[in-house]
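Labels A, B, C and D are assigned to the chains in the order they are written; within every chain, residues are numbered from 1.
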Amino acid sequence: MINLAVIGYGYWGPNLIRNLTETAGACVRYCCDTNASRLAEAAVRYPFLKTTQSYQEVLNDPSIDAVVISTPVRTHYEIAKKALEGGKNVLVEKPLTTSVADAEKLVALAEKHNLTFMVDHTFIYTGAVRKIKEIVTSGDVGELYFIDSVRINLGLVQSDVNVLWDLAPHDIAIVEHLVRETPVSVCANGACHVGNGLENVAYLTVYYDSGLIAHFHNNWLSPVKIRSMLFGGSKKTIHYDDMQASDKVKIYDRGVEVTPQENSHDLRVSYRLGDMWAPKLDTTEALQHMATEFVQCIQDGKCPLSDGRSGLNVVRILEASEMSIKHRGKEIKL
Amino acid sequence: MINLAVIGYGYWGPNLIRNLTETAGACVRYCCDTNASRLAEAAVRYPFLKTTQSYQEVLNDPSIDAVVISTPVRTHYEIAKKALEGGKNVLVEKPLTTSVADAEKLVALAEKHNLTFMVDHTFIYTGAVRKIKEIVTSGDVGELYFIDSVRINLGLVQSDVNVLWDLAPHDIAIVEHLVRETPVSVCANGACHVGNGLENVAYLTVYYDSGLIAHFHNNWLSPVKIRSMLFGGSKKTIHYDDMQASDKVKIYDRGVEVTPQENSHDLRVSYRLGDMWAPKLDTTEALQHMATEFVQCIQDGKCPLSDGRSGLNVVRILEASEMSIKHRGKEIKL
Amino acid sequence: MINLAVIGYGYWGPNLIRNLTETAGACVRYCCDTNASRLAEAAVRYPFLKTTQSYQEVLNDPSIDAVVISTPVRTHYEIAKKALEGGKNVLVEKPLTTSVADAEKLVALAEKHNLTFMVDHTFIYTGAVRKIKEIVTSGDVGELYFIDSVRINLGLVQSDVNVLWDLAPHDIAIVEHLVRETPVSVCANGACHVGNGLENVAYLTVYYDSGLIAHFHNNWLSPVKIRSMLFGGSKKTIHYDDMQASDKVKIYDRGVEVTPQENSHDLRVSYRLGDMWAPKLDTTEALQHMATEFVQCIQDGKCPLSDGRSGLNVVRILEASEMSIKHRGKEIKL
Amino acid sequence: MINLAVIGYGYWGPNLIRNLTETAGACVRYCCDTNASRLAEAAVRYPFLKTTQSYQEVLNDPSIDAVVISTPVRTHYEIAKKALEGGKNVLVEKPLTTSVADAEKLVALAEKHNLTFMVDHTFIYTGAVRKIKEIVTSGDVGELYFIDSVRINLGLVQSDVNVLWDLAPHDIAIVEHLVRETPVSVCANGACHVGNGLENVAYLTVYYDSGLIAHFHNNWLSPVKIRSMLFGGSKKTIHYDDMQASDKVKIYDRGVEVTPQENSHDLRVSYRLGDMWAPKLDTTEALQHMATEFVQCIQDGKCPLSDGRSGLNVVRILEASEMSIKHRGKEIKL
């Protein structure tokens, strides 16, 4: 039995406790939050939990095997560092940290202490992304040419991070999970209209040596809600539309075929039209898969799908995007 | 009666002749094309037209008041230049020229000779864009914050221009028409996957001093067809979805409200939710309005909605985007 | 304070308790169910509730002011009858009873004892239907011509009632709520394909003397999920699409205009095209409004929006539809 | 070479001439219309056509092999009768006639004279319906359970026929083409709101002995435009949504599975969820296939896909629906 403590009972904490409670092999022992009224709510809903306002108390308890950190991002590093140093396995909410340097230190610490270190990239555990991973890995889409991601809606404007740090981690983590190639540079553009100096609309381009280009569009001010990703390949294209009630993933056997012309530097380009196919998706809650992965990785010592390194990779792109956006799209090497 | 000649009877030429023929005050006299079989087709459909393979013959005819140039882009400059020098009023297909320098020369030439000089930015004559213009001008959307344009589909990969030169002129022309502010710089990113070295997917950001940011996404390889523009303002947001069979333009009275907090540098941000409204749109063919505008401007000496300067403004952004894209998103001042 | 007991803790019971618990002036005291394991679940979630397998025990408790009956339909009549006879105010799940005769007896009983008697027609408490009611009542849509309702999906095939008794009460209750005219007759058609002799697809037409026609389509076997209602009037038409994530209600200022022709029995018919408008809707959970209505009606002695008579009216149409469907669409007078 | 005459140059006539002109083996010789100005338009567009206001003149010309009748429905019978008696092959617009008796006489006449007799059920020649036919015939959908068709929009209110005679022929013809079983009875309901006594909204149910039920909803007053057909089978369900720009036909491998329970008359019902698939469709204009079918059937003596008997079958349902609608849904045996 893995004994767990959840640190941070804000927006996401209740979902984490609910899912961890239902995970085989796991037992949630503590809920920790600096906010007393939130703690009281947790106590009502989960009478079996110990509650505390001090995460240090949790880390001092030798019966606790692992901590789940869902506090504000700026506190992730310190709590995770102390937890890893204290020999606890650690799951952290996305984004992992506010800097690459911090993320690298945590990854090194976890490796040194041989602990499970994982980041909650929830979306890679959805039925949709798992199916897309399966299709991309099978080679059916061919070589990946472009990925285009749009995640916009009327969102809660954050006071400490821009819209990329808030929304893009979901989509960057999906791309990090699907693409086995290392990105080489990023360019980002954006603008701020709500007075706090942080971009509320932003565009991020990620370049790869193979020619793959990934683009992310995030916006907190759009009354039209879009959550869409296109994965364009040499053979097929996948459309993932998370706003659809069903058939969220569609595979199009359609594209453009290019044939070099003899005795000419011209190309003959023709359409290739074919079927569209929407596979059945597992509809289990993604967080359930995520929780199970965490617990099993602790038990078996295997590396999580969304390990610390994937969290670091996401932060690397976010940090570079922030630098690029300050210099109006300047290319930042990764 | 304005006597007209249409030079170039390719994809768009037939639409131009059909609409000009139905325009009050206009009489199409010539169809000119270097391709004899295309000319023969024109002769069958419009038996009253003179046909010729030499545009010089058209320019030499003193009875011709105006020429309409729908030849490949690289030939626009030379034909338009000779036509203006010959005292003909000129309508040119989009994009106006392949360089800012050429566009500037043509604009100057037209002004010097006091001739009507217009570019066929068809979309600004649609019922949708005319309605959007009316709403934006009325002040109802408030200050413009962002414009986001997506025009992607399985498109005909061009052999001499990238996807921005091919598709973005439509959307840039709409923005040029709606926004009274001069853009200050552009950043563009893109990639080529079909072997001719020209980008088949591209992203373009245009910056304005007021904080407005406009973004354009064009792609020739997407099996999902999208033609969508968002106009986000401080009061309202307009969504123009050209793929809808009806209700293409929707105005959302929804947004985010930001209130500075006393004794704090924090902001209080709240949602404002309200009605959505889809105004009735004029469904007259846009090209009919465009043709009428050209003929009336010649008759009355007034400046066309899509005059040479607007054509130049579009080319200015395209040329800068090409330079930016070659330097991976480097900001290019306009 | 109104003391309540919820009888029946199946699919809907938990939603009722959750909402009644949050209703000002109400206090849920009991949860009653014949199934012991369901009772145990209720006890865990709501430790303050008394639980019992005997609804008679509830009725015998003089401190209980009102009971909420969410048991299988065939048991509604007996429980409601005893509750009313015992002087309890009563809220019953839809459909009210399995026969008009039973419903009439309950209505009479409630009136005799001067008790609040209400049926849970949840949909009439949605923001969507309340807005539609407001618009229809204002006269904006003019005279109602037709109502077309479709509610189809892969549904749980019931073993004791056909698809009309299962799904149509929602839509019939909406129509009952919106239309002030009494229907005169019904015709229904349907078919059974799953072996239990009960229709899994059915079509119901309801006639009114004014010329209004209402039609209901219900289907348990459709992989395409539709929940749509059209309200066509002489001036405007309302479309209520419950599957939309936003803008569920759209008002179309479009129609057909008919002008009698002089010296002719022909009609001149022309289109009238206008704007479309999607009003902001209250998104409060409908059940919260319903619970508040019940409690307030008990307190104030006013008649509920969905009183016993409206429940009776729905059952009257359902009973007639069942007779009609057995005789292949034979018109049944109401 | 088959020499043709087109009689009736109204709304549909130009489409017929355009497609017949492009059909191998066919030569359109005549255009006939009682309206002189329409004839003049035809003469301008097709200078090679003889024009006449007298269809008798056409029938008297021995060089004419076949006539295509696209006149108002009430005139079909007389013209077709004389044409068949005159030894001409005949193609008639839908609906074939205004009565079953007339349709039967024409079918008999054509058989007697051994002439090709065909009705223009255009929709069965679309890529969508041809694909659906292929799938249904293959057995992939299993036994057909229900067909649900909706064709509604703001339509041209007709002065001599109700909405079923105007719109339903399209959908009834599709069903007639796809279903090899003979329908046994119909029930229809409807209402008239525009003053001419003819239903502008109508619902038609068609019963089959196998348990298959087909339902048609037509409405001239709906600002929401729907053209949708569901084909529900024991194994799969097909959705044909003609308003989609692409992927009009979707096959859902989803349904309900019913297993009888041992020692019980209850049924165990469970969902079966699977993939969705949208096959590539031929996008050739349906009328081109229809025209080719007519010409080839004349040449080869084979029976057309949409022969006189299929036209008669459609009229049989329409005539019965009219009788049923007058008696408020009374079942009419076929």
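Here is the rule we go by: contacts are C-beta pairs under 8 Å (C-beta built on N, C-alpha and C of every residue); 3 or more make two chains touch, one makes a residue touch a chain.
The chain lineup, named per UniProt: A, B, C, D = Gfo/Idh/MocA family oxidoreductase.
Worth saying up front: this structure is predicted, and the values here are computed from it rather than measured.
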item	value
If a chain touches subunit A and subunit C alike, it appears here	B, D
Remotest chain, subunit A as reference, centres from CA atoms	D
Between subunit D and subunit B, distance of the C-alpha-averaged centres to the nearest whole Å	43
Inter-chain centre distance, subunit B versus subunit C - centres from mean C-alpha coordinates, in Å	53
Chain centre separation (subunit C, subunit D; CA means) in Å	39
Multi-partner residues of subunit A (at least 2 other chains)	276
For the subunit A and subunit C complex, residues of the former touching the latter	225, 243, 245-246
Residues on subunit C engaged by subunit B in the complex (per definition of touch)	247, 253, 273-280
For the subunit C and subunit D complex, residues of the former touching the latter	145-146, 148, 154, 156-157, 159, 185, 187, 189-196, 200-201, 203, 205, 207, 211-213, 215, 217, 219-224, 230, 232, 234, 237, 239, 252, 254-256, 258, 260, 266-267, 269, 271, 276, 324, 327-331
